[in-house]
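Written out below as structure tokens is the structure these notes cover.
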Amino acid sequence: MTEERLRQLLEQVAAGRLVAAAALERLRHMPFEDLGFAKVDQHRALRRGVPEVIFGEGKSAAQIAAIGARVVEGGANLVVTRLDPKKARELRRRLRGLVYHAEARLGLIVRRKPTQRGQGRVMVICAGTSDLAVAEEAALCAELFGNPVERLYDVGVAGIHRLTANLERVHGAAVLIVAAGMEGALPSVVAGLTDKPVIAVPTSVGYGAAFGGVAALLGMLNSCASGVTVVNIDNGFGAAFAATLINRVGIARERR
Amino acid sequence: MTEERLRQLLEQVAAGRLVAAAALERLRHMPFEDLGFAKVDQHRALRRGVPEVIFGEGKSAAQIAAIGARVVEGGANLVVTRLDPKKARELRRRLRGLVYHAEARLGLIVRRKPTQRGQGRVMVICAGTSDLAVAEEAALCAELFGNPVERLYDVGVAGIHRLTANLERVHGAAVLIVAAGMEGALPSVVAGLTDKPVIAVPTSVGYGAAFGGVAALLGMLNSCASGVTVVNIDNGFGAAFAATLINRVGIARERR
Amino acid sequence: MTEERLRQLLEQVAAGRLVAAAALERLRHMPFEDLGFAKVDQHRALRRGVPEVIFGEGKSAAQIAAIGARVVEGGANLVVTRLDPKKARELRRRLRGLVYHAEARLGLIVRRKPTQRGQGRVMVICAGTSDLAVAEEAALCAELFGNPVERLYDVGVAGIHRLTANLERVHGAAVLIVAAGMEGALPSVVAGLTDKPVIAVPTSVGYGAAFGGVAALLGMLNSCASGVTVVNIDNGFGAAFAATLINRVGIARERR
Amino acid sequence: MTEERLRQLLEQVAAGRLVAAAALERLRHMPFEDLGFAKVDQHRALRRGVPEVIFGEGKSAAQIAAIGARVVEGGANLVVTRLDPKKARELRRRLRGLVYHAEARLGLIVRRKPTQRGQGRVMVICAGTSDLAVAEEAALCAELFGNPVERLYDVGVAGIHRLTANLERVHGAAVLIVAAGMEGALPSVVAGLTDKPVIAVPTSVGYGAAFGGVAALLGMLNSCASGVTVVNIDNGFGAAFAATLINRVGIARERR
Amino acid sequence: MTEERLRQLLEQVAAGRLVAAAALERLRHMPFEDLGFAKVDQHRALRRGVPEVIFGEGKSAAQIAAIGARVVEGGANLVVTRLDPKKARELRRRLRGLVYHAEARLGLIVRRKPTQRGQGRVMVICAGTSDLAVAEEAALCAELFGNPVERLYDVGVAGIHRLTANLERVHGAAVLIVAAGMEGALPSVVAGLTDKPVIAVPTSVGYGAAFGGVAALLGMLNSCASGVTVVNIDNGFGAAFAATLINRVGIARERR
Amino acid sequence: MTEERLRQLLEQVAAGRLVAAAALERLRHMPFEDLGFAKVDQHRALRRGVPEVIFGEGKSAAQIAAIGARVVEGGANLVVTRLDPKKARELRRRLRGLVYHAEARLGLIVRRKPTQRGQGRVMVICAGTSDLAVAEEAALCAELFGNPVERLYDVGVAGIHRLTANLERVHGAAVLIVAAGMEGALPSVVAGLTDKPVIAVPTSVGYGAAFGGVAALLGMLNSCASGVTVVNIDNGFGAAFAATLINRVGIARERR
Amino acid sequence: MTEERLRQLLEQVAAGRLVAAAALERLRHMPFEDLGFAKVDQHRALRRGVPEVIFGEGKSAAQIAAIGARVVEGGANLVVTRLDPKKARELRRRLRGLVYHAEARLGLIVRRKPTQRGQGRVMVICAGTSDLAVAEEAALCAELFGNPVERLYDVGVAGIHRLTANLERVHGAAVLIVAAGMEGALPSVVAGLTDKPVIAVPTSVGYGAAFGGVAALLGMLNSCASGVTVVNIDNGFGAAFAATLINRVGIARERR
Amino acid sequence: MTEERLRQLLEQVAAGRLVAAAALERLRHMPFEDLGFAKVDQHRALRRGVPEVIFGEGKSAAQIAAIGARVVEGGANLVVTRLDPKKARELRRRLRGLVYHAEARLGLIVRRKPTQRGQGRVMVICAGTSDLAVAEEAALCAELFGNPVERLYDVGVAGIHRLTANLERVHGAAVLIVAAGMEGALPSVVAGLTDKPVIAVPTSVGYGAAFGGVAALLGMLNSCASGVTVVNIDNGFGAAFAATLINRVGIARERR
């Protein structure tokens, strides 16, 4: 896939160690394995430096188990997101060692303790107890991706003093993930108080004109405080992934 | 219109001082005057205790002048909202004494200094300089409706210290009008800091996913801080009207 | 939190009665108690003069019970909104004294009879029997917040005479809460007939292009009758809260 | 097109008075005339009993003139809707006898005074002076389509007594067209007071969350008063057309 | 309520046959009966000439039964719309004589055979078998409201010959109700073929970008064929009501 | 229906072999059969060259069985789309030979092996395993409609090398169907790599701001790569139908 | 870019005729030319078999001229879409030979008469004269892309006989492009009458709830007639491009 | 905002070097300067480490000049975003040294060359020439904020080889800003090829169902490639700000 590999391949061909047809074949089949209904990309973990992640919604337990088994065979850690309790029960029978975090709807198989890498701590903040599920999805994933994680929960803007009382902790983080539902104002306030990147996660908490998280999403996209970027509604995993990449800015990858 | 008047009328009829047909006629023609294209409701000022207000958008200068002339003839003050500069120029030629506030897009004729009535001050807060037009529409109207008004501008949540530095003034108000665009988070923060009613006015300031004030509107409707009620986007006049009624709660009307 | 407290604190520090570090610590820990997943703000009741309220949706019964227990320990009344029957049953086993109002989906623990405070009566009006749940949420909350409450139900605009027959009662109220679904026209009509503040509550009653209350919400925001302010769809509690603050305008708080 | 004509044609063929090929040809070319960019349907006036109408928006003055000339040549009356002033000036040079109603944005050529047909009067009601343009489009069209028309303007729900004072006139109409912007509540109130069909026309009057007439449209579609049907935003012409068909229910067409 | 009654009342007062206070009282209590949670409007049937209708959604079976019992006591027919099977079963135990039409989700009690009144037949057309539920709601209601009804089902535009083959029947109707989901094109085609009023009913049939009937609704509102008016999504009852009023245009009410 | 038939009919009438009334009757009843609630169009299969298809959603099993029985009696193949498992079980008892494909939610009765017709292969591509249901609906239908079909699954843009490794297969197809959820970017990338028509199918896979497939739908409609056309969300059947017509461009129909 | 080229390159490297670094360089720079603000892809014409097309909106005349000059230098034909009259005038001074079609907003430079290729005719149908601009964009582009084109304009569903009178022409086409605004029903009707692929183009013609073409777009996506695929609103060019690819299905490309 | 400052203040008070009232006063007035209509926050630059930025839309040239003058007096650099050419001309007369970048709509006054700080290069990528304005806003701001910036323009997914040919440059960046309109697919593809944080900027380029950038925004929020975060439509400045904070992760601030 990468240029380096292409260059190596071309050099092998030039050196007569590989014929063109074989090179072509290798290019085609190398980076993934084909299960028919899914192409397991065992190199992605290496390529992006994080565990393989399966989006659990819309896949049957059997499909998840089949993909997951290949991932685990390769020695990698496994994360299944959006895993409802019923599928989790079925999956636990098929995938030995799967741990289910009900609140965060995550299924995890941790073969190797994740290597801690990153410029500092990832802080996960949430506005209310109702946003906890999304915040925990972010926090657990960020931990598994090798970041030190700190949690600061239930500090919404209706009682701004709960946040200001924890300012020192906020200032100590390298990257901030802020999950909020309803009007989604918390990331703006947090970003106004710090000079660290803020990843805003709208949650689907609320009712009526909250429109399943759209109000919070719009609030965050229109944040008057600069430095805020946004991920999809309830996408704790995505926030953790982005926070991980940000936390590694300036850090050379160990191997590629 | 009101029950008292109906009762008086019925009593006059019962007393033989008025025949039924005449009573009916009076009921029909009394409360407004018909200009053909508009029915001037000179009693509304009395009924609701505020000056007559003309919504200027979508009416020609000639129409506004005709309605306005009748209002002014009756001795009442006049407010024309949503008045663009071109129409204002034309209107000034037709309606003697009209003062135009360009920023707030208001045309005013103040015949009688408004009587000061109300439990306290109305404070008008806005998030940024771009929200000033709407805030001024609210502030000028609130003054004309007989409230002492105090302004606190450019105190958005991106620099929350600008607001907290003015908390004492905030606490001194009886009713608060808070105008904000973009994510519209300011009313939530204000409401979290006070125990006075907060009227939130979303402004159409912003771009992209601000959707002309919809993001701010949704943010305010979903405020996690209780006590916030909302008016239409850019509706500074409406906020002032509501604030006036709220400020008079518990105060007997002078006459009816 | 408040400036007075800050001033007191500063004076204590200046007087040598408190060292700076302790003052800082106090500032941080005073106003709330940390349960880990929630920060119970026992002072909010004092700060805003109403009981502590828990938004029940999206929280487990266990979480609600834990937060509620702390609230009740402090001697305050408790309101749990958006409480579905199943969670209510579970909660009643954990929180002694909880009374469940199924129609309004409210769980209440009333330790102290609320002190009656306010300039007058809060009237709760609804358009149809289908809006009753939201209207009752508003009425029960308003009572618990210390307002005399009067109900006027099923007076929608399709039979406007049902409303006009009750005009005298309408005129007797200090604040009006008007709940309506479908086209949400009732608040406009009510506001046109009175000079009291009207809080409009759109309900999710209706089908098709009612869009779960959006049609009513838009209708209310665009009310041609001034003095109407709006809260979120189905937000009876929020309307009651705002009505309470409005009803107390001009009334000094007993203690702070 | 119609069954009768097809039957006649078939009988002519059966009688040997027409060969099949000719019949086919006649079927194809009879009901309209082809201008290349437009197919003038001179029979539509006969078929539906109203003048030919050209939707003026998105057509050049030249195109309108070309279509219009054919219509007028056939002796029919002509209505051009959505005609802006600039195009109207250009069109008046090309189409002799065109009268332009600026407010209603209508261009009319009335060759034959329309025959009065219908069960009764069509009443056109509007909520505010700003809705007048749409109401006039409806009223002028309804007149041209042969209905006696009565206007009742500026009777919005914010001052419901202006409407109730005119109830007798309302009861005297056969069909009602009710135009309203903002929250669009007027048709519901009118329909609740009468037993005649009500055609609601949302207008794009308003601002902010009026969304160019969407709030009024939704309000009308969700009317709690039965008997209300709705046409497109600002579609005064369409309302007049429907009212005409309704007013002719039970009246045999003169000729076809 | 009506002017005639007011006039009579005034005359009675003038004649000394009624004191003012009593007249006022009568005005207030006459037109409806108060059940607390509902105000039964027994005169509406008389006022609008149709049976009393209860919107079943969002009301409990007990509430429907209580309102229904009063309606039936008065001798009127009863229609309950949006009645799901479970509530229907419960209601049948409480309201003797209730007949449930599962497909149309209607509960009916027919005490008196409806008097046939109207200029002609109401034809109910639907596009596909999936639209049948809504079409039947319209057809059954229209029958109960005293119209001769004719059904023409499954004639959608994908096979336009099914419609054209029935043109004679279409031409024979006085009013047309056309229900269609998906793109909602059928009313336009029908209106182009006839000169009778067409009431379009969008149905929530379809998937994906049908958005629960919104696509059909928009299609109908934007119909290029004039004479089409629209009711809310799935609102078969509303279409029947409007069709009834239209079918009675020009027919004097028997009594009032 | 068709012109040829009309010509034949007219010639028969002209030749005296058919009287006009009979011809008219024949025109009306010929092309479909009326079951009351449905008009079975047995000629459509001939007219459009594909099996009869029943849209299963919103129809009862009994209705589907009744329509299906008529279709099968005529010797045609049958496709029931959007068939949920419960209805499928019931239908299998009523319709002998029905095969149910649970993943694609299709019920099929294949009486005659479909004749292979078309310029080449139809390739069905999908972005992720979660899009498989829609892709399979497309693939199975395309096979039944007589196309050779090739599948290429799980080649989304997050790992673009999985697609580029299969370019040769992509280039070998005559028509491409590309199903994708989330941001729906795959069709753009595929269309940029080939010169064959691409039919894009947005799927409802995703969460939050995916809005049930709307994000993917918009992405596909706004594709920067030309040659992409779009069908409704999750409409695998529609994509297969269009691909079939495209694959037959330039191929004469066998019989008509 | 393509596999063949990659294979050739690899063979050259294997044969020692090319060193690896040079191969890599060639891979990178071959397929396009870099103007800094744009990368002119002169091979795209060859790759996809159509002229280079510049999207004119949002680009300055200078930018268009610079890109266009390179395209023309290479001997290819040029199409500039979305070109407003002012920019066209400026562009004509900079690009010799540019012909501007004002109605279709197209700028064309035709160096070589396009080779006619394709299975048959592309027919462009539009509903009304107001849709003509989009239809002409489609027709002119389709001609330039080498298709015989036939136009059938102003045959909307409000007068369905205008379409049925032209059925023979419709049946003679290989591919159909159908442009319609308002409710967008025409493609459904056309698709129901033919067995050729139908590409639907929603136009932004209409007002109010047409929402700039959204109503037509939704109508087309939800077409009850199968075989319809849809392109973006007003995207005549995109429809022509897709029609071209469809018309070439089964035809070998001359050279690549 | 400044715990350290608060601690210092408290210590000064404790040491008797400051009385409580003065401390309170200082707290209030320190961090900003009040112009009446705006509160200039001269410390924000220090606090967040970037120049002061004025959002130019919705402010008059006079207001911008007044705010800008204060900013510049303090020695800081100034950025005015969303500055249209007319206002820029006026502003240039009032603010000496203002340089206007017309394409990016930026007004800049650079007093001090920005200090280069950051882990590496910020790469700004855009999909098409039409996205250039937004990309340049991002690139110029990122440069002014002290980042080395590299541009890679016109590499959209319709010709994916233009991107893959530049992979080495992409891999060399520390943070990536990717601007794209239409379907907004480019950030997904870029994120799939790298392990650096990707900030996606939807642009309002496109037409029809692009909805002014909403399609691109949704595409980016639903990106199937992890690591993508999103800012508001056309918000090049916001992307640059966030990229700056990310690029400084792990770098100690020089002074605070």
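Letters A, B, C, D, E, F, G and H mark the chains in the order given here, with residues in each chain numbered from 1 onward.
Everything below uses one rule, namely that contacts are C-beta pairs under 8 Å (C-beta built on N, C-alpha and C of every residue); 3 or more make two chains touch, one makes a residue touch a chain.
Please read these numbers as outputs of a predicted model, since none were measured by experiment.
Peer 1: Counting C-beta pairs in contact, does E-F beat F-H or the other way around?
Peer 2: F-H
Peer 1: Since subunit G and subunit H are copies that touch, is their contact same (over half of the numbers shared) or different (under half)?
Peer 2: Since fewer than half of the residue numbers are used by both chains, the interface counts as different.
Peer 1: Could you work out which chain's C-alpha centre is the most distant one from the centre of subunit E?
Peer 2: H
Peer 1: Measure off the straight-line distance from the CA centroid of subunit C to the CA centroid of subunit G, and report it in whole Å.
Peer 2: 58
Peer 1: When the C-alpha atoms of subunit F and subunit G are each averaged to a single point, how far apart are the two points in Å?
Peer 2: One centre to the other, that is 25 Å.
Peer 1: Centre to centre, by mean C-alpha position, how many angstrom separate subunit D and subunit G?
Peer 2: 38
Peer 1: State, to the nearest whole Å, the distance from the C-alpha centre of subunit C to the C-alpha centre of subunit F.
Peer 2: About 53 Å, centre to centre.
Peer 1: Give me the residue numbers in subunit D that touch at least two other chains, ranges are fine.
Peer 2: Those would be 3, 128, 159, 208-210, 214, 217, 221-222, 226, 232-233.
Peer 1: Residue numbers of subunit A touching subunit H in their complex, please.
Peer 2: Of all residues in subunit A, those touching subunit H are 2-3, 47-50, 53, 119-120, 167-168, 171, 174-175, 193, 195-197, 199, 217, 221-222, 226-233, 237-239, 241-242, 245-251, 253.
Peer 1: With touch defined as at the start, can you tell me which subunit G residues reach subunit D in the complex?
Peer 2: 128-130, 132-133, 153-155, 159, 161-162, 165-166, 205, 207-210
Peer 1: Which residues of subunit D touch subunit C in the complex?
Peer 2: Subunit D residues touching subunit C: 127-128, 156-160, 182-185, 188-189, 191-193, 206, 208-211, 214-216, 218-226.
Peer 1: Residues of subunit B touching subunit D in their complex?
Peer 2: Residue list for subunit B touching subunit D: 1, 27-29, 31-32, 36-39, 41, 44, 55, 57-59, 63, 67, 82, 202, 204, 212-214, 217, 232-235.
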